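Following are the structures in question.
Next come two complexes built around subunit A: one with subunit B, the other with subunit C.
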Partner chain A sequence: MNKTFTLTIDGQSVDAPQDSTIQQVLESINKPAPLICAHEATTPEGLCRQCVVEVEGWRVLAPSCVTKINEGMVIHTASERVIRSRRTILEMLNASVDLSEAPELQAQMDEFGADRERFPHAKTREQDVKDDNPFFVRDYEKCLMCWRCVQACGDDIQYTYSISVGGRGFESKISTFFDSPMPETSCVFCGNCVAVCPTNALKSKTEFFMEQGLDYDEIRQEKRAEKKKMGGGK
Partner chain B sequence: MQEQSFNDFLREIAPQGRTMLLPALLEAQKEFGYISKEMATEIGNALKVPFADISGVIEFYSMLHSEPTAETIIRVCTSPSCSARGGRDVHQQILTELDLLKDGATADGKYFVEEAPCLGLCDKAPSALVDETALGSITPELLLNPQDNVRTEVYAKESVITGRIGEVDPFSLDDYLANEGFLSFPNAVQIGPEKMLDCMADSGILGRGGASFPTKMKWAGAAEAPGEQKYIVCNSDEAEPGTFKDRVILENDPFSVLEGMMIGGYAIGASKGFIYVRGEYPKVQKTFQAAIVSARAKGYLGENILGSSFDFDIELRSGAGAYICGEETALFESIEGKRGFPRLKPPFPTTHGLYQKPTVINNVETFANISLLFRIGVDAYRSYGTEKSSGPWLFSVSGDIAKPGIYEITNPTTLRELLEWAGGVKDGAALQTVLLGGAAGKFVHPDQLDVRLTQEDAHAAGLTLGSGAVVVLSENADLKQTLADLGHFFAHESCGKCYPCQLGTQRQAEILDRNLTGSVIEGDFTRLEDVGWTMTDASLCGLGQTAASAVLSAMEHFPEQFK
Partner chain C sequence: MIKSQKSVRSTCPYCGVGCQVDLQIKDEKIFRVDAPFGVAPNFGRLCTKGRFGVDYVHHPSRLKTPLIRKDLGTKPRQAIGIEGFREATWDEALDLAAEKFAEIVQAKGADAIGSFCSAKATNEDNYLFQKFVRGVIGTNNVDHCARLCHAASVAGLQIALGTSAMSNSIAEMKDLDVFIVAGSNTTETHPVISTFLREAVVKNGAKLIVVDPRQIEMTQFATRWLRQKPGTDVAVFQAMAQVIIQENLYDSDFIQKRVDGFDDYAASIQESTPEWAEQISGVPAAEIRESARLYANAEKAAIYWGMGISQSVHGTDNALSLANLALLSGNLGKTGTGLNPLRGQNNVQGCSDAGGLPNVFPGYQSVTDPESRAKFEGDWGVVLNPEAGLTTMEMVDAAEKGVIRGYYVMGENPMMSEPDLRHARHVMEELDFVLVQDIFMNETGEYADIILPASSFAEKEGTFTNSDRRVQLIREAVPAPGEARDDWEIISDLAKRVEEKLGRKTSAGFEFDSASSIWDEMARLTPDFQGITHERIEREDGVHWPCPTPDHPGTPYLFADTFPSGKGQLTPLNYRPSQELPDDEYPLLLSTGRVLYHWHGGTMTRRSKLDDIYPDPTVEIHPKDAKPLDIHAGDWIKVRSRRGEIKVKALVTKRSRPGMVFIPIHFAEAAANELTLDARDPQAKIPDYKVAAVVLEKVN
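Our next item is the complex of A and B:
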């Protein structure tokens, strides 16, 4: 019990409980790796690879969030390979997705010197906002595929399973059954997906209306009309 | 009538639940030409799968469609081997012939045309699959009047692993028995699991799927893992562009693979095996299913096999168009009825494999080697190959070569010697390069031809044998086109799970397209390097980690191709 491993991080010797992940150790010495997909409420899937670090003797970089430590591990958190991967992931992401409402991603781009115009003429995920229910809108050109909404809708929080990862590769997307509007799915409008979204791709209807310049009374009227419509459809 | 029989089928499989999702979707696709919302709803209700997940699964597999297709589906291969030999031209010609502007269905609902990734018919390039008929040397006329014309040539100086190919009737268990079949399983039973593992360690047998991992390590790990239920899985999702050896083994000598799986089951204590065959190999599926049926009928599968206390059965599962499902954990996910996403490792399959149970997963050629090993013994097995790459090795040779086909190498052979054996570059042209190891492999510079085709020599030369694909490109081949083909292949096949691969394969394809059309922009070379190394270093699985391998090797050997 309570056994520790000793590892070396950027030249510094660190002791840590042996069941720790690399990220837990990095947090303990105040050097957390940057994260995109991770959230405390959802299961880590190692998707974004932004938290990668270099472990001596390993062929590929290790994602800190899901990699358990070993005795004697020698870790570099800011090697050339690490920085290139982090910077390039951000540059490729920014070329595909609208990150204007993701302040954490903006800060990471500044930290790693990402060139916001690195990939000109790149295919983007530009598309129309899906506005099909009174509670939230889905603005998927802001979606960076962190899967948190699918996890929140499924086994991690709500057990409702109204959305899934669809498509493949760059065409991956969050989808409903045959692209049905949300009111036609099993969605219970719990709002957990909106709460875990990192980029405002999922946005509450109130916020959406406020951005369009509607005042409080107008918003109330709009929402009431929509709820009536939704109820009437059933 | 159709719908009635489909409903009966659904009722029959319903108790098995989600694991039957892909079989149900494939059946619906076959019966109705697509999977309608109504049909998907019935499938979801029967198998108790959330509806959103069903759309997710349909959209993941390229052979499944949620919109009507047509009576006949024409899949034209545009992967490197076929593209280099005119596949793209025939694709364009058939579209024109059928009055189509792009891939899709004809107005009369008769034909549906689509580009396909490697169909494993590379030796007969350009190739296509029309419904379930494999076609080589295609023309638009042949596509409209399809007749199976694929007879892959097999070359061996001494036929060791290929001995039965062409000599036996693959549908006859008696033929297999008459040709030293089912000799290895009794040998294995006689020495028992512990000595079997020693025997495998002594043989030095390595996996033939591409990673060349010591097979004994997998088997010992699964044998030692706690748990009553364990599985043997045969990875027959051969989809590495330029590779077709598993198809040839399974179409011609299925029982050797079946026997290898039985031996595996006995060694690790598994009573159930799965063989996952890619959807693009319908002939393999028919042949192996027939082998399972006749093995059951004669008591080689089932309970108390050959009077022992060993029970073992095999179930065949079809893929549905996804290269990533050749990755072992993605393959498990697919059998479990999910999108074929690779899992995080650890844990490894030996302890947490199919249905999270201890599992041994090996490639087709590996199981055939297991059969061979327990038939001829360690010393005879070791008399082939080298100390570190023991046994016979199969290479799939295609592209601009005089005699494409399968080559069995039993003695150390250099790449130059292999090319000479295969008649040299087609039409006497000079060699430009060889793509060794498939799309996930590397381009070989003409200076490197004296490398011996063993794991140790390839590794020392900074190359990889991968799954044994040897794609030859002559001086007349357009390397920029091949590079763009590779870019499209990986962008099409990336599963989309991790960011470096999901985004990187798309960015790589865009840059390689610019390179092909002569519209390179300043900084593309370093942009391509950054994308490539980021995929290599940071991707979650082997697909992303090798998606830039060939491109980076071309940038090293042929930088002038990127101007």
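Our next item is the complex of A and C:
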């Protein structure tokens, strides 16, 4: 069971347990691939393709987060093809999604030399901020559909299943059933979705108000108005 | 995007899970709470209270200066709001408090003082509190809210195993095959633990048996749901034991090696058949049989329970009936297997560990044992009282009889948490002196003569011990408001002044420069803590006691080889009905408990944004009961018992059984304890919060 495979990564020979993914091996030699959709608390899904590497003899690039290793694999983590692919993914995401509050992605764009203006006429995911509960806001202009929040709400953390993906293609978006406001869903406001969001599309409301220049006591006044709105007594 | 100026690792101040949090600070305010992934016990998970509910720390109504009652000395004392107090300096307030305590001690004796330490304060605060009460005042009348929550679990587990803590660590939940969740609305009261339990079911195929009269969320993940009538738990578990014995499902090797009393116990439950239990509890006999088989045949099974088991006139029996199941089936002493009372408060385990109980010093060393007493007398340099003190409710009785004349209440709110509040208030009115130390004015503070402002969890250093005995740090993240001070500093200053007023020649020792040095003194006197220091916790994130030496790894699960009492004890039990059951005049059964968005007496969550989503007191009522009374969702309802009445909003739902209503305990304007009765478990002295009789009336 504990058999190991021997791989070659960027010319270096590496032994790893045979049930590892490429990403696990890369982490073990301190050379992790960049990630967008994967998070240490959620199950890798291979959605974003940012962690791709080149495997000799393979027609397509391999997403390292979900690809299991094989004996004798020869892997290149920084070939031109890999870098171009990562750069293009970032450029396309940046064209349609507001990544201004995604520090990790900004760093990746710098690292891979992404041209932030490459697709100036791309259709953006413009929409209003959803503000329907006392705890967090949802600004889906910033959502790159990494799916982490859905996983956190479901089988990776909370087992509450209040959000999922709705719609098709460009229109697909993270949503509740029937697009209901959060308080009308099974949501328990644990905020574990907020914790795994890479772009600040999900943001605690205190932060949201502070950005608008309100201080703590003014936020409390806002909340009081909110309580009335929610049907609260006094 | 708000840039964090400082990230401070700490421990969540709400429940006993002890989630590790990173408080993100800007301009001396907590603006976001993160949780470190990869760190036990919560591994990055939080619930709504930990994530969004710590904003109470910055609430404008935080106490900022010492306060002294304006009509000091007027009797009977009346409950007054903050306007009935005047601001004072620390010197004036502490001198006056010391004088009043000394007066009472000199005139009426040390046992005329009753004291309440705090399951919300640190181990260090509580150690020092009981040191002051025992070593300076000279009484063992010190107790805290554990009496009102898990006292019965403690009493039961002491009889069965000789100790009372949770057997397992939270991290072991993933290894389970079968688990019973009894009387615990885990998703609302211990939300993060509930995620690990649900993970065991969804990801690992574990089987869950829920025993609860209400259709709580955990039932959605259950293989079996035993919906007993409130107060009939003993019958259900006795019948499960009967099945285990009758069908030879017990672990005879385990029983032979590690358990006493099998023959007597087996003889005692011959008549306790599932059919008998069905008559009493309403749970179908077949369900009881299947559940018994499932539990007894499991490779690794554990039992988790909450207030539904312990807050009962037969709470000790309830806990014993669960312990009997574990002892019969050998589900103890292996990873993941055990008996787990889920602790309520962040530091209710630690407050008990630190000696916040009337009968024991820190580490459960008995005050009546001459050897333990000699050890503490030697270290503190004082003579200690050899008689065990009074429990929370016994202190109320003693105050009523005039035996107790003064109260010292630190971070507790008995005027919300005690049963039959009308009576509790009446007792408060007649006391000679009440000192309250808290972060907010609350229902108990309204009766105080002096209120001392304390710092909150985010403003001080110290340790909390979570439900699985893991000692963890809290750290200073923001400054305390105004002149508020750490509890241990206040206690030290008060203790020194009382010593002076009493003319003590030597001090019991209150010269500490940090919480860490207080811990070291406690650890020196407590074998189970001797291997733990603040520095070690810092290095390892947390250490599970018992941990007797610096090179001991700590103890995530208990009873690997033996029980503290040697052998486990099977205890024959008799089912006893609850004290007050519905009748013609009061036709509905009232059960009380908690909701996800609030916390206990509401002192914290009612001052948090959590209150925005659950702003009003409610009553859960079954449609069958609502219909004849013409009650609809959202109607205001008057709920009356023999003790009092409150006004609450109706939630018409099938969650509670027909004939039963459920009222959350968090709302001061409609305190559920106006309705509850002071009926106590004979061994644990815990009141019954789960069964009382009420009548409902629509308010027009």
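Note that the second predicted complex is superposed on the first by the 225 of 234 C-alpha atoms of A that agree within 3 Å, B and C clash if a C-alpha of one lies under 4 Å from a C-alpha of the other, contacts with A are read in each partner's own complex, and residues count from 1 in each chain.
One rule holds for everything that comes next: contacts are C-beta pairs under 8 Å (C-beta built on N, C-alpha and C of every residue); 3 or more make two chains touch, one makes a residue touch a chain.
Everything quoted here is computed from the prediction, not taken from an experiment.
**Student:** Sharing subunit A, do subunit B and subunit C clash or fit in the superposition?
**Tutor:** These partners fit in the superposed model.
**Student:** For the overlaid structures, how many degrees, to the nearest 10, lie between subunit B and subunit C at the C-alpha centre of subunit A?
**Tutor:** With subunit A as the vertex, the angle is 120 degrees.
**Student:** Is A:R118 touching the first partner subunit B, the second partner subunit C, both, or neither of them?
**Tutor:** first
**Student:** Just checking: does A:A195 make contact with subunit B only, subunit C only, both, or neither of them? Give me first, second, both or neither.
**Tutor:** The answer is second: A:A195 touches subunit C but not subunit B.
**Student:** After lining up the shared chain so the two structures overlap, which partner does A:I83 touch, if you call subunit B first and subunit C second: first, second, both or neither?
**Tutor:** neither
**Student:** Between subunit B and subunit C, point out the one touching more subunit A residues.
**Tutor:** B
**Student:** If you stack the two complexes on chain A, which partner ends up touching A:V74: first (subunit B), second (subunit C), both, or neither?
**Tutor:** Neither partner.
**Student:** Mind working out whether A:V129 is in touch with subunit B, subunit C, both or neither, as first, second, both or neither?
**Tutor:** neither
**Student:** If we overlay the two complexes on their shared chain A, which of subunit B and subunit C does A:L214 touch? Say first, second, both or neither.
**Tutor:** A:L214: touches no partner chain.
**Student:** Please provide the least distance in Å between a C-alpha atom of subunit B and a C-alpha atom of subunit C in the combined superposition.
**Tutor:** 11 Å.
**Student:** Of all the subunit A residues, which ones make contact with subunit B and with subunit C?
**Tutor:** The answer is that subunit A has no such residue.
**Student:** So in the complex, which bits of subunit B are touching subunit A?
**Tutor:** Residues in contact with subunit A: 37, 40, 50-56, 59-60, 62, 66, 322, 339, 344, 346, 491-500, 502-507, 510, 514, 521, 527, 530-531, 533-534, 536-540, 545.
**Student:** Provide the residue numbers of subunit C that touch subunit A in the complex, in ascending order.
**Tutor:** Listed in rising order, the residues of subunit C that touch subunit A are 1-2, 26, 29, 31-32, 34-35, 37-38, 43-48, 51-52, 55, 58-60, 187, 191, 195, 198-199, 202-203, 221, 596-597, 609-613, 615-616.
**Student:** Spell out the part of subunit A that touches subunit B in their complex, as residue ranges.
**Tutor:** Residues 36, 45-50, 52, 60-61, 63, 66, 68, 81, 84-85, 87-89, 91-93, 95-96, 118-123, 144-145, 154, 161-172, 175-179, 185-186 of subunit A touch subunit B in their complex.
**Student:** Considering the complex alone, what residue numbers of subunit A touch subunit C?
**Tutor:** Those in contact with subunit C are residues 40-41, 100-101, 133-136, 155, 157-159, 183, 188-192, 194-195, 200, 204-207, 210-211, 216-217, 220, 223, 226-227, 230-234.
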